[in-house]
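Note that the chains are named A, B, C and D in the order they appear, and that numbering of residues resets to 1 at the start of each chain.
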Amino acid sequence: MLPFANDYSRGAHPKVLQALIDTNMDAQPGYGQDIYTKRAAQKIQAACEAPDAEVFFISGGTQTNQVVISNLLDGDEGVVAADSGHINFHEAGSIEYTGHKVLTLPGERGKITAKNLQSYLDDWQADENHGQMVAPGLVYISFSTELGTLYSKQELADLSQVCRQNQIPLFMDGARLGYGLMSPECDLSLADIAKYCDIFYIGGTKVGALAGEAVVFTKHNVPKRFTTKIKRQGAMLAKGRLIGVQFDALFTDNLYFKLSQHAIDLAMKLKRALKDKGYQFLIDSPTNQQFVVVTNDQLAELKKHVDLSFWEVVDDTHTAIRLVTSWSTTEQELDALIAIL
Amino acid sequence: MLPFANDYSRGAHPKVLQALIDTNMDAQPGYGQDIYTKRAAQKIQAACEAPDAEVFFISGGTQTNQVVISNLLDGDEGVVAADSGHINFHEAGSIEYTGHKVLTLPGERGKITAKNLQSYLDDWQADENHGQMVAPGLVYISFSTELGTLYSKQELADLSQVCRQNQIPLFMDGARLGYGLMSPECDLSLADIAKYCDIFYIGGTKVGALAGEAVVFTKHNVPKRFTTKIKRQGAMLAKGRLIGVQFDALFTDNLYFKLSQHAIDLAMKLKRALKDKGYQFLIDSPTNQQFVVVTNDQLAELKKHVDLSFWEVVDDTHTAIRLVTSWSTTEQELDALIAIL
Amino acid sequence: MLPFANDYSRGAHPKVLQALIDTNMDAQPGYGQDIYTKRAAQKIQAACEAPDAEVFFISGGTQTNQVVISNLLDGDEGVVAADSGHINFHEAGSIEYTGHKVLTLPGERGKITAKNLQSYLDDWQADENHGQMVAPGLVYISFSTELGTLYSKQELADLSQVCRQNQIPLFMDGARLGYGLMSPECDLSLADIAKYCDIFYIGGTKVGALAGEAVVFTKHNVPKRFTTKIKRQGAMLAKGRLIGVQFDALFTDNLYFKLSQHAIDLAMKLKRALKDKGYQFLIDSPTNQQFVVVTNDQLAELKKHVDLSFWEVVDDTHTAIRLVTSWSTTEQELDALIAIL
Amino acid sequence: MLPFANDYSRGAHPKVLQALIDTNMDAQPGYGQDIYTKRAAQKIQAACEAPDAEVFFISGGTQTNQVVISNLLDGDEGVVAADSGHINFHEAGSIEYTGHKVLTLPGERGKITAKNLQSYLDDWQADENHGQMVAPGLVYISFSTELGTLYSKQELADLSQVCRQNQIPLFMDGARLGYGLMSPECDLSLADIAKYCDIFYIGGTKVGALAGEAVVFTKHNVPKRFTTKIKRQGAMLAKGRLIGVQFDALFTDNLYFKLSQHAIDLAMKLKRALKDKGYQFLIDSPTNQQFVVVTNDQLAELKKHVDLSFWEVVDDTHTAIRLVTSWSTTEQELDALIAIL
């Protein structure tokens, strides 16, 4: 089967795996106090052009969202997100589990606009009953979004400005950050993201690592005793080195960006091929997730050869599917897919 | 420095690491639906002589305790544990985080006795105010315990009987299960544990894996939609294979037991050497953690060459320390340690 | 000022207050074990024509919703509600506080339709990713709704059927139950509600009591050790008699229904007067809340003499307001209001 | 039956009830914005000689402890309490429900000593693993304690000093504050308590009110948007006036202190009578709870005529019971009790 269902179907990039092999028998302190984790943090600070940034490593995306959001919100606050936001749908209620509401705004192609956000905050402020309502305490965006779309530099700057004017931190879920940054349509750098966001994370699980996300606090805004809080929520690995070593490798010689670029190159080739063959797209995505409309007959045929994701029913005879490339997709696999389409 | 501070200072056993290398580029479904995870579960069923057991894999010990305990307790129930229990001290309040109280019994060398448990349950039942008290809903024990001690088969059978008579499940924290089972003083088999406990876990993080614990439900007692609940608590890895592959290797050719045996052999050699040199022990431990009383001068000297754990102040001039062997300790390291002592 | 802002601006109905006076010095057991609470429960069973129903008393509406919903949901379940549902807006995130998501359906005039509910449940079932989504575990409706509207007997029967077919309990928030039942447009009896709902509550705070709601479980479906769970959530009064005595009075000689009827009679008179004067309604409400569109000039004038509730901005020059009658509204107050309008 | 089981068996003091009657039909805003609640707060500020204190009203003791403690603790913090503390035993795990651990110190006659507290805090600080432990974030004491005992002014001053030196707030549970203050052995005034404690509450439920506790923040330390947080935890009454009116009455003409004095006078008379008759006391209590050792035969006889509380088994033939006076105990009832003893 051709693996286009998601971007986490294989292990680690060979260089990442090699780093695990090379460091395996070196005895190191636990709980992220090892030298590899420290070195990874420094390399990420450098890549973000943010020498004061504070970096923490957590195993997966849902866990990262849960730990970060719950510790940044005050008791009666909720997190503002697009209705299509991952935390609102496919994380099994992990934010509510921590006692907080996800306050949804209608997403525009998966994104929150500065205008909609300001309008929401104004309405909340003006509502005479807001003392009996959940207060907006954090804004959550994803980059690339769940629909593969991107914020432009201007859009992110505008959002950031609204957040700061309202003293609400801006948090970016970067589970697919590399795939966003390497898109031909992206005009943002990692340094821009560190500048505009108060907290964000650099996804490893989907971008070359076995597991692991790097959370970056850019504004001296780490919650007090944050490692104890991570532990309390079950999110502290005894062998923190497992993630540190991998990010150390990912941020050596720009590996993170190179392997993201590989996935994007293949995704753009796929997108062109789909266009050439006359397929309709559910949404115009410039990143590694492509959302394509197929007839149900085409779908049945495709499923014989391709692992893909069902996305949604379009009409009685059409279905939208998701095809995903990753750091591990090969040119051969892509060509085989295109040949079938 | 000689690494005797804990049993999680190195990566994975070479055979475990090799399994990760060998399977790395095989595309597999996420969230524990891969073939390696399924194979690991089957091998564990076989090792437990419990073909109906249901097996789940979670990243670390604190997380496993948190996910299992919180999902087995009813709202107003708490978990009974020895006061020295890991969940009561060194897990940062992770059980209370889920809304439940840890109900402590005085530990006898780290253990709960059937008699103390029955007495506690009787008192609770007899208390006219128990409707305003947390109800005991689960019993938590660890094997080996936080003090390195072991339950005998008779002790475990007695505890199990009290639990069943009171319809309260018995849960064993097996973060160091292998080191317990391979102790010369252990008369329990893995199959015995599966028989007497309602739920237990087989620790991987401290016994040869980079991360991962295998939770075994032995009595058709898995909570409904348990994987969704794992996800909700942030404990589901996208690449569940990371743990599955490692346990598949650990339960091939008895590797789990062999590497546990190695650590125990070295620990017993260390124990004999300490006795021969006239050291006092804080507690008589038959497993891989040795608790030794040293003078503060000895401690200062030791710290120059050995990574060890402070345990507790004994008196003004003496301190108890913990020395730990593991699957990765070498004969040379042990000899070097003994030479220094 | 004329008090039309809400239905909780005064103390208790004189007969309810008299019951508190009459029983004041009678020494009784605490925590709802007093004879008045028991008598109130029996009278409610009789009024519901449900001799097996189990009745509990809780101080207020938000607390009742919180205690009931959180104890009826399994860990990974959420509660389905109309987007206009009180639990979704004006209860400060009290459901999420307990760890559960409010799953919203678009309300039709404040109501959930059986068709929309079935469609939602079908979609959830069909979604291949539902293992990573919050499962629907309870349906919440309010009667009368937050917009003053009512379910007909057919609508409630249909909803109930969908719930039962899907094995999901149906819970009715009856903070304004009396005002719903006494509406000229209501074809439901209290016995019908007990039949179609699995749990519901009879609101006292807004219908003649100082505080208190009576929760009715109609299907032998009380959570285990429910009073301990109530206590744990801080919702158990030491002097449970405070609520028991009041409901005992409310369900003596049909007082609950008579004083509800009084509020409805006045509301209908107000509605007719508003129609006669040519006012537009935001929604056609057959109960004690009337939602009227006024010009901003009219609003400014009204506010000089009337306590009313801002509801929403209609356009630049118009605002929707809410005018509410209650058991304590007098004919004189209403006439004075009408004279001003 | 003679009512000596507890101090909440009757309704409200007649003057408190009269205030409810007198204000019943006055239309007032909800949620504690009424004039009675404001007036009560002012009277409490005056009684505390703390004009800047901020006062909130909550229905009951467990709820007050829960709301206050959970909102004063940071995520990874727990509350320090004597092991006999009410929050540790008879509140059904309501603190753990909010995600926080109760960190227990051995009580000395129900009290925490400054020395024990300092020692605990020192040990925590010195523990190299405290990053994996719950941090002490609040100190909880009760006055009078669950065993009827009292802190002296010196003891409270010492505790307060330890708390401030360690930047940990001191919270006093004053469910029986009046009965403590009016004890002949008490050398503390309400103003002293406001000075030494950072937060405390003045119990109403057990001291003349139908329900209600007044929480006093004395150090400009009210959590942000505290009323929203109260609402979120289900602890906000729509008719907040119910509590405000009662405290307004209780703090008029020193009623609160007078009725506390009445209970204490009777308790001291009871204590003398018990001593005269040769009874042994489980503990020497200077307040309204008396803990007496009786033979099981005496107990069986007493139970025919007296409502009392079982306290604990002393030995095979003796039991400790609790006899409680309150604002509502009459001289006649006490004499009847003494006659029986």
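The definition used in the following text is that contacts are C-beta pairs under 8 Å (C-beta built on N, C-alpha and C of every residue); 3 or more make two chains touch, one makes a residue touch a chain.
Computed from a prediction, not measured in an experiment: that's the story for all the values here.
Peer 1: Looking only at C-beta pairs in contact, point me to the busier pair out of C-D and B-D.
Peer 2: Higher C-beta contact count between the two pairs: C-D.
Peer 1: Quick one: which of C-D, B-C or A-D reuses the A-B interface, over half of the residue-numbered contact pairs in common?
Peer 2: Selected pair, repeating A-B: C-D.
Peer 1: So what's the Cα centroid distance for chain A and chain D, whole Å?
Peer 2: The answer is 50 Å.
Peer 1: Between chain B and chain D, what is the gap in Å from one C-alpha centre to the other?
Peer 2: 42
Peer 1: Report the inter-chain centroid distance for chain C and chain D in whole angstrom, where each centroid is the mean of the CA atoms.
Peer 2: 34
Peer 1: In chain C, what residues contact two or more other chains?
Peer 2: Answer for chain C, listing residues that touch two or more other chains: 76, 91-93, 97, 99, 132-134, 228-229, 231-232.
Peer 1: Which part of chain B faces chain C closely enough to touch in the complex?
Peer 2: 31, 70-71, 74-76, 99, 131-135, 223-225, 227-229, 231-232
Peer 1: Taking the touch rule as given, give the residues of chain B at its contact with chain A in the complex, in rising order.
Peer 2: Contact set of chain B toward chain A: 1, 3, 5-6, 8-12, 14, 17, 20-21, 23-30, 59-63, 66-67, 91-94, 97, 205-206, 210-211, 228-229, 231-239, 241-242, 307, 328.
Peer 1: Using the touch definition from the top, list the residues of chain C that touch chain A in their complex.
Peer 2: Those in contact with chain A are residues 76, 78, 89-93, 96-102, 128-129, 132-134, 310.
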